[in-house]
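Sharing a structure, written as structure tokens. Questions coming.
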Amino acid sequence: MSMTTLEGFGGRVALQVPMKALMVSCALVLAIVGVLTWSLMTGSYPMTSAEVWATLFGDPPSDTASTVVWEFRFPRTLVAFIVGAFLALSGAALQYVTRNPLADPSLVGVSQGAALVVVSVTILAPTMGYFWRPMLAFGGSLTVAAIILAAASSHRGGETLRFILMGIGVAALISSFTQALLTYGDIDRAMSALGWLAGSVHSVGWDEVRWLTATACIVMPALFFAARPLSAIRFGEDVATGLGIRVRVARWGLVILAVSLAATAVAAVGPLGFVGLVAPHLAGRLAHSGVGLHLVLTALTGALMVGLADFAGRAAFAPIQIPAGLVTAIIGVPVFVFLILRTQARSQL
Amino acid sequence: MTSEFPASPLTANGLSVGYGDTTILKNIDLDIAAGQITALVGPNGCGKSTLLKAFARILKPKSGHVTLEGQPITSYATRDVATRLAILPQGPVAPEGLSVTELVAQGRFPHQTLFRQWSPGDREAVERAMRLTDLEDFAERPVHSLSGGQRQRCWLAMVLAQDTPLLLLDEPTTFLDLKVQVDLMALLSRIVHEDGRTMVLVLHELNLAAAFADRIVMMRDGQIVAQGSGAEVIKPEELRAVFDLRSDVIADPATGRPVCLPRTSEQVVPLQSAAE
Amino acid sequence: MNATRTIFAATGFWLCIAGVLFAFLWHISVGAKAIPLGTVWQALVAPEDGVFDHVVVRDLRMPRAIFAISVGAALSVAGALMQGVTRNPLAEPGILGLMAGATFAVIIGIGWFGLAGTAYVPLFAAIGALIGAVLVWTIASAAPGGATPLTLILSGAAVGGFLYAIESAAILLNEDAFRNFRVWLSGSLAGRDMETYLWALPWFITGLVAAMVIARQVTALAMGEETAAGLGVDTVKIKFISLAAVVVLTAAAVSVAGPLGFVGLVIPHVVRLFVGSDYRLIVPFSAIVGAGYVIVVDIAARVVLAPIEISTGIVTTMLGAPMFIWLVRTKL
């Protein structure tokens, strides 16, 4: 790892910067811009990249171009990126806190908790405003997270794979309730909920962009502050206490952050699976770095992953749209298997 | 039993600790001597690791308190404790892929802030810790690729980089080869006596404690049975009382320190009669 | 087995049979129009062609009750065999990828190869179940710890998630072909015809008979491979037969009812509580108790939110998942 130390303000500001990780971040940002352009160009009304950028900068070649980009493709692509970043960060935070490389919001039931609440709202109280969805989703996810952590904590917390197994069980249980609600509910509402449950970005608009951005403004700075406790917590409770961390406070704070990210993302587009599992892992492979930069890389990787998944699902079998959630699952499972094959040795029950 | 800083930087006063309904430590009073190695020894489950964790505020006492430099440890912010006292728990596990330098650098955590994450002082402390533990050759290697003894030295270096006057180590020599154990103990002894630090160790191996510790605290059933220098504590009758162990104690011809020779009941008789 | 135990076992066995029979009648009597148990009994024993209720019982309601019994028995016996042979308390056709494989194969077979004939459904399901089982087992064995309960469940979750995603995509691509499969996919006994069942019936019987035949050897295997080998059991042969039986039973159950989760997990554990560790008892008792369980669950699925019907698979999951969580907490 090539490190460069930056100092300023007479040593009061001093940061160690790994160059490679920074370069990888830049490459990821470029890739995201590329996917954005490509994604805006593609569809039943094809455009050139020049037209796309002209439209984005307020000089649309035609009214149709303006409508297609601003009303449909741009918000959708933005949501895909933001949701990807959220789920990836949520997975990374869960993995650090539980010291478990397999922790992922969709594997341990957190996404399903949010999904159950959102489906209940869609079916039982369809008139309820958009504003409440993310809040309620957050409540549902947090409840599930608390249940799993409490249930798994009889031995040694999330460090063991018992935690993941409990999560699989809880996820199955909650999904069955969601399914029951779907059979119970009105058929039209059930169908709309069903599309959402597959993890689909295609019906989102500026509303979702707005509250996702609002969440990002609150949670991202918090996560930035949390990077330091995170880096100590990954050594386990005793070592972290020895290093001067208030472990209990930090752990719950981080779980709440992780859950709020996952819940907001799920409330917007449904439970996209495996992003939180794959992105942190991939980011770690792209560049070895400290926790803070790893979080940045993870967010970028997640954004790119869901952006690409949405694009692929939209373009591959056009005009039929494959929900992004199915694409991420198909990409994600091989990585999941790879992780099972690798991490087993150290984390016994 | 009052603590006279700097004579005793760390004391336990009437300390009782337990999980749920079970009490593990019963009313412990102990002053840790400054500038010395204190070894906690005793049979399995006697509460020595619990005492160490209570000293490091990882476990909250049911009653009594721990004082650090004359003040109750609970009156410090946990980060301020971490700049005065470092603990190495038993069998820590490093996150995968971490390099030795990164692990050691983690010890600088309590000295850093959000905006001052890496100062020249941090670098010096890390380099020094790695020099002391002879890890410079492994600096960029992943921790997981190292042997048990090397890994234990990495963790020790992390705790040293924390740069605290007080060091608490829980069974640092477990699972290591005999030679590695001895080397490690010699290293610890050098660190304490050259740097003027204070160290508390939980040790399983009685003779290792006898050979390297300045003071030995013997525990049984959550209470302190005996304390003092090796010669004062390591005696056949004490070992019988604490460990249920029949033994003879002889003096090491080279150092004069006591050495315990465990005996079976058949063996113990002739030697004792020979001494008479 | 001493004499007292034999008597206990025999009494319990007949009591269970009586219970299942009662549940069977009850199942038939419940519905949009409640039919008294007496009429149900008459319709079964001495049907009269002209009586409307008798026609309803024999043509509409009885098939579903028979499906429930067969599926429950098949899945429970499959679960019992898997738990015994792999010595894994959490083994079950659903958890270890067999159901996902079977469902997947049926979807692909019907959707992509256009095999509408019901005769092929069990065959496709069997091939899929076998592939699912082999995949999960291969991944788990390649993991550093080997095929432990843990790795098996994790790779089961992985394979299941993967197949489910592809399945969902396939359905989206060809919605018309799969209109009738929506309900089936969530595990339901509703709307299946007798023809499918009759094609699956030989599979049910083969699987159950095979399970009974090898029950004695499975008891030995459950005590450990070396113990079994020491007792003169051909472990490879028994494992092979068990796998075949489990695949056949799962395939038959999935063809009739779709994936019913956790039945194979719950029932053998409950049975073991009462009859101990002898598979000569566990296998038949699992079959009977499982049959009763699914039939009662199916009653609940129809009654609780009537007139709306919940898929049976959803109810078995609601009941089985907590059991799974409890087992993870206590047995692992």
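As written, the chains take the letters A, B and C, and residue 1 is the first residue of each chain.
Please note the rule applied: a residue touches a chain if its C-beta (ideal position, glycine included) is under 8 Å from a C-beta of that chain, and two chains touch if they have at least 3 such contacts.
Computed from a prediction, not measured in an experiment: that's the story for all the values here.
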Third chains touching both subunit C and subunit B: A
Which of A-C and A-B has more C-beta contact pairs: A-C
Chain located farthest away, centre of subunit A as origin (C-alpha): B
Mean-CA-position distance for subunit C and subunit B (Å): 57
Inter-chain centre distance, subunit A versus subunit B - centres from mean C-alpha coordinates, in Å: 43
Centroid distance [mean C-alpha coordinates] between subunit C and subunit A, Å: 36
Set of subunit C residues in contact with two or more other chains: none
Sequence positions of subunit A contacting 2 or more other chains: none
Contact set on subunit A toward subunit C in their complex: 102, 107, 151, 154, 161-162, 164-166, 168-170, 172-173, 175-177, 179-180, 183-184, 198, 273-274, 317, 320-323, 325-326, 329-330, 332-334, 336-337, 340-342, 344-345, 348-349
Touching residues (chain side subunit B, partner subunit A) in the complex: 53, 56-58, 77-83, 85-89, 92-97, 99, 102, 106-107, 109-110, 112, 114-120, 140, 159, 162
Of all residues in subunit A, those that touch subunit B in their complex: 1, 5, 7, 11-16, 99, 101, 225, 228, 231-232, 234-239, 241-246, 284, 288, 290, 343, 346
List of subunit C residues in touch with subunit A within their complex: 139-140, 142-145, 150-151, 153-155, 157-159, 161-162, 164-166, 168-169, 172-173, 186, 261-262, 305, 308-311, 314-315, 317-318, 321-322, 324-325, 328-329, 332
